[in-house]
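There are two complexes below, and they share chain A, which is joined by chain B in the first and by chain C in the second.
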Partner chain A sequence: MATNVSVDVHHVTRVEGHGNIVVDVVDGQLERCEFAIVETPRFFEAMLRGRPYQEASHITSRICGICAVGHATTSLRATENALGISPSQQTVLLRKLNFFGEILDSHVLHVYMLVAPDFLGVGSVIPLARTAPEVVLRALRMKKLAGDLCKAVCGRHTHPVAMTVGGFTHFPTEAELRDLRARFVNMRADVDSLVELYQGLTMPDFERDTEFIALSKADEYAFIDGTIASTDGGLWPIEDYKSVTNETIVPHSSAKHTSNAGQSYMVGALARFNINHDRLHPRAKKAAEALKLKPKRTNPFFNTVAQVVEICHAVEESIILIDKLLERGITPEEPIEPTSLSGEGVGACEVPRGILFHRYEIEDGIITGADCVIPTGQNLANIENDMRAFVPTLLDQTEEEITLSLEMLVRAYDPCISCSTHLVDVNFK
Partner chain B sequence: METPVAVKPKIAFFDFTSCEGCQLTVVDSLADHIELLSVVEIVQFREAMSERGEDYQIAFIEGSCTRPSDEPRLKAIREQADIVVALGACAHLGGINSIRNRQPLQDVRAYVYGEEAELFETYPARPISAVIDVDVSIPGCPINPREFVQTVKMLLQGRQPEPPDYPLCIECKSLENVCVYLRGKTCLGPITRAGCDAICPAYGDGCEGCRGIISNPNYEAMKAVLDWHGLDMAEVEAKTTMFLTYQTMNMDEKKENGHGH
Partner chain C sequence: MDRSQRTLVLGVGNRLRGDDGLAEVIISCLMAHDLPEHVDTIPEGTPGLDLLLTFEGYDKLILVDAAEMGVEAGSWQRILIDPADLKQRHLFGTLHNAGVAEALVLAEALGKLPRLIVLFGVQPARLDWEIGLSDAVEKAVSQVCAALHAELTKDQPPV
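Moving on to the complex of A and B:
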């Protein structure tokens, strides 16, 4: 049994961005436990000031290569809310479809390439390609379809081209949509295999009750727009996000920390599932049942399992959206013009890692103020609280095992620290 | 570049200030060209793998240099690698990160971190070539997957990859895109380096110059295009502040010394 443990993981791997885990146990007592964000500060909010409003979505997609569509969509919604623009029905459908491309791309990357190697005892997906090629090929096939979906709608997933304030500058053809639909239908078998793979993996046994926060809508499992909802009760319009996020600066993190009702809260797939599970597609509900994911699940490792469920949801909903678009027919539309060139607006979306807010102040078409609150930043305080509860349960293990467990915990959150906005290294000090 | 590349060379990926979208594009490119994995050994790729090796011949670097502590890291990579490749606009040009160079650094820091600004070290954003010698640049935000694969193949054959040095308009015309000026938009195509398959004009948007300006831009022709469409150079200058702040601010200095365009 380790009474003195010092974990110092410098630059946690298989996460997007840079972070370090520092844990210091002296005589069996946890003295220090930090998840330090050493990503360089990015200063996007300052960079937006003085730019024309049309550039905001193109600049902010560069906050994150994985969530580029999510940032662009949230940015466009903030601008549109500021300038009195209501997007057309076709725009709403195309944005939702495009968004599922990103959810799929990001979740597939995480559940297969970033998390699965831990459970299969390898350091990356590359050795997996030799030992379990069918798993890797399946992951690549799914990722490719997600990428091709975004390509058809907006040019590319990183960084979207055709998404603009008030609509799109390019439209997919009906032939492209029909081709994508056929591939999504074929992907159901891959989704079933993914669910089977995760049925065979045992998540570490760790429960810690916390507050979960996600966007919610009455009639659908929310990804774009909605109302802020909490498992501790409470609903807030997105304009009031600051009263929920309560950002504070901590010295060991270039990403700000947040707290709402409790000391910290969790956002992401597990939060969405815990709040909106009854609005999942029936096939996704079945997947959740097969994976023993029931609300309210308080084991953070199940965030990855919730992502598997959302992959199933995204595949089914993409088919439904394509059918709707094909039924209406695609009309090349000019983007809707602003009704005013000055105003303030908030945009909110459930990007792969959780709830994202952008808020802009615009005067005469020029951005004069900006605020972006990023999901990983909102999870940081909760990750630290998890580590504080988790470490004492691990003290009978070796430092190496403790390090792996903590890395796996951090990885379960799918941290995306480039948004500092970056994430992980464990330091046993 | 004089050292011939060893059989099955070791390659490593590094990231500085960036969105890591170029590394993601690398992951997607390798997925489409799995054969490359059998001819190279990847020894470091933090975003995708836990193993780390310090013995590598080719280093791909994504991101800009934005703080003093980046410099020794960059120099150590240069020391180790035979070939250093700047991966994408942030490393190649400074890119989006350099937008902030137009504002006083103190204002930028205070706007985001308030009184706590001093906690996080930073300075104006620069391309990595401002700190170390760069052998090859793969331009773009993000990089073009086809160009990445082509560059890797050329490096493996011991050849020097050269990105195109002619304007995007040439590529765009050959793809038969409708000129975005005819759709009422401004486009940096006449002066920007080609090689991206003109993806922005192809998807209805003007070129934002993320691949950099060609070495011999014809500003007179650019002005003529703008005149034709009732626009002036101010529109172009505003657009070059998105990815090209580092270059245009240096150019501004040169102009004051009488060496500008």
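Moving on to the complex of A and C:
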């Protein structure tokens, strides 16, 4: 058994952005265990101040090239809540459909390209492409459909152009929707193959009970709007998000940590599953059963498995939404105008990596204050607590094996590090 | 559409980034000419792994892109891409910001590369937030356009 272990992974690979794992075990005692975030702060909140409210969704979409739709949607909901706008039913349906495009795109990237290589014993997607080209081609096919969906609904996937406060400035045609529907129906076979692939993978045996937090709605598996819910039993309106997130600064991270009631918590697909599993589409429930994913699952590695289940849910719900839109017919609508040009509002969405909050203060149409709390930031403290519990169970392994296990743990959270580094307070004395 | 006997001219870049928009200008110039029936054109492709699906199945791929070659701005080169070079490349740690090179490396691993890949690379003067090409690159447009046209018209579809 190793009594002295020193792990220093300078930039974990196959995650977005730059984070380091630093672990020191001396005489069998864990002395240091950090997931250090070394990404530069990006000051998006400061950038928003002084800008017209119509620009907020376009500016904040640039926080992330993967969750661009998620940031834009959350931003629009914050602005609409601040200015007294209730979007039309068609807008709500189109936004939900668009959102599934992003969930699919991001989850497919993670489950296939970033995580699967670890379990299939290859270093990256390139050797995987040589040994199992059909797996990689399937992933690319699924990503393409997700991108094409976003393109049809909001102009393009990365940094949507057609989503605006109060509605859309562009609408998909009936022919586009019918084509997408046919492709989603065909994608069911790819989803089945994905579930089969993950049935064959064994997740590391590690459990640590923690609090899971996600948006929740009575009648659907929530992605846009809802109430903040916890597996520990709390329910909060989204306006009270600060009493749940409680951001704090830690010395080794340029991203803030969060805690609810003094404890770290987990957000993301596993949190959503643990809280909202009974509102999944029946096919997604079957996938969860096949993958032995049952609530309340406390093994963080199952976050990736929950993403597989959500891929299944997103495909089925996209078909249902397209059917609803086709039945109603698409009406080119003018965006709904604000009832006031001043106010405060919070928007919350379940983006691929978990719950995202935007809060704006607007005066006479100009943003005077902004706050964005990003999922990866909310997971950082929990990742460290997992590492603290995980390392002592690994001490019979080589340093190399311990390192790989810790990297896999970090990857399971699908961290998007650049997005999480949004503000650092500097005190001059 | 069966791509196996077709050629794709694929421009990559962003017209909002100054000379990064050169491919679009060059391919627009090319499209003003009569092109052989077997040629498809995409003036403004977006880099990323999805590019693989854009060029997959084509017999020949001609890429047009701004290329940092350390030479005078506006200089250009026709470079034949050797698949053996791609085999030795490894993707960087993140796939979140994959570009043209990553798409080619992945296509090689998947056995999905076109039979022939040619890059027309043009040395940019500046890649800043602006619309429009620098004078040096603007001057190269008609030359590269003519070279592309010559390449395509001498190029008969394989039998």
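Keep this in mind: the second predicted complex is superposed on the first by the 418 of 429 C-alpha atoms of A that agree within 3 Å, B and C clash if a C-alpha of one lies under 4 Å from a C-alpha of the other, contacts with A are read in each partner's own complex, and residues count from 1 in each chain.
Simple rule for what comes next: a residue touches a chain if its C-beta (ideal position, glycine included) is under 8 Å from a C-beta of that chain, and two chains touch if they have at least 3 such contacts.
Just so it is clear, the model here is predicted, and its values are computed rather than measured.
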Combined model on chain A: chain C and chain B, fit or clash: clash
First (chain B), second (chain C), both or neither touched by A:65: both
Which partner reaches more residues of chain A (counting touched residues only), chain B or chain C: B
Partner chain(s) touched by A:294 [first = chain B, second = chain C, both, neither]: neither
Touched partner set for A:113, first chain B, second chain C, both or neither: both
First, second, both or neither for A:147, with chain B first and chain C second: both
First (chain B), second (chain C), both or neither touched by A:130: second
Where chain B runs into chain C (options 59-67, 113-121, 149-157 or 221-229): 149-157
Shared contact residues on chain A - chain B and chain C: 11, 13-17, 65-66, 109, 113-114, 124-126, 129, 140, 143-144, 147, 158
Of all residues in chain C, those that touch chain A in their complex: 46, 49-50, 52-53, 90-91, 93-97, 105-106, 109-112
Chain A contact footprint on chain B (complex, rising order): 15-25, 27-28, 31-32, 34, 37, 42, 45-52, 66-67, 70, 95-97, 99-100, 102-103, 107-109, 111-114, 116, 119-120, 122, 141-142, 199-200, 202-205, 208, 238, 242
Residues of chain A defined as touching chain C within the complex: 11-17, 65-66, 109, 113-114, 124-127, 129-130, 133, 136-137, 140-141, 143-144, 147, 158
Chain B-facing residues of chain A, complex: 11, 13-18, 40-43, 45-47, 49-52, 55, 58-59, 62-66, 68, 109, 113-114, 117, 123-126, 129, 140, 143-144, 147, 154-156, 158-159, 161-162, 164, 168-170, 249, 251, 254, 418
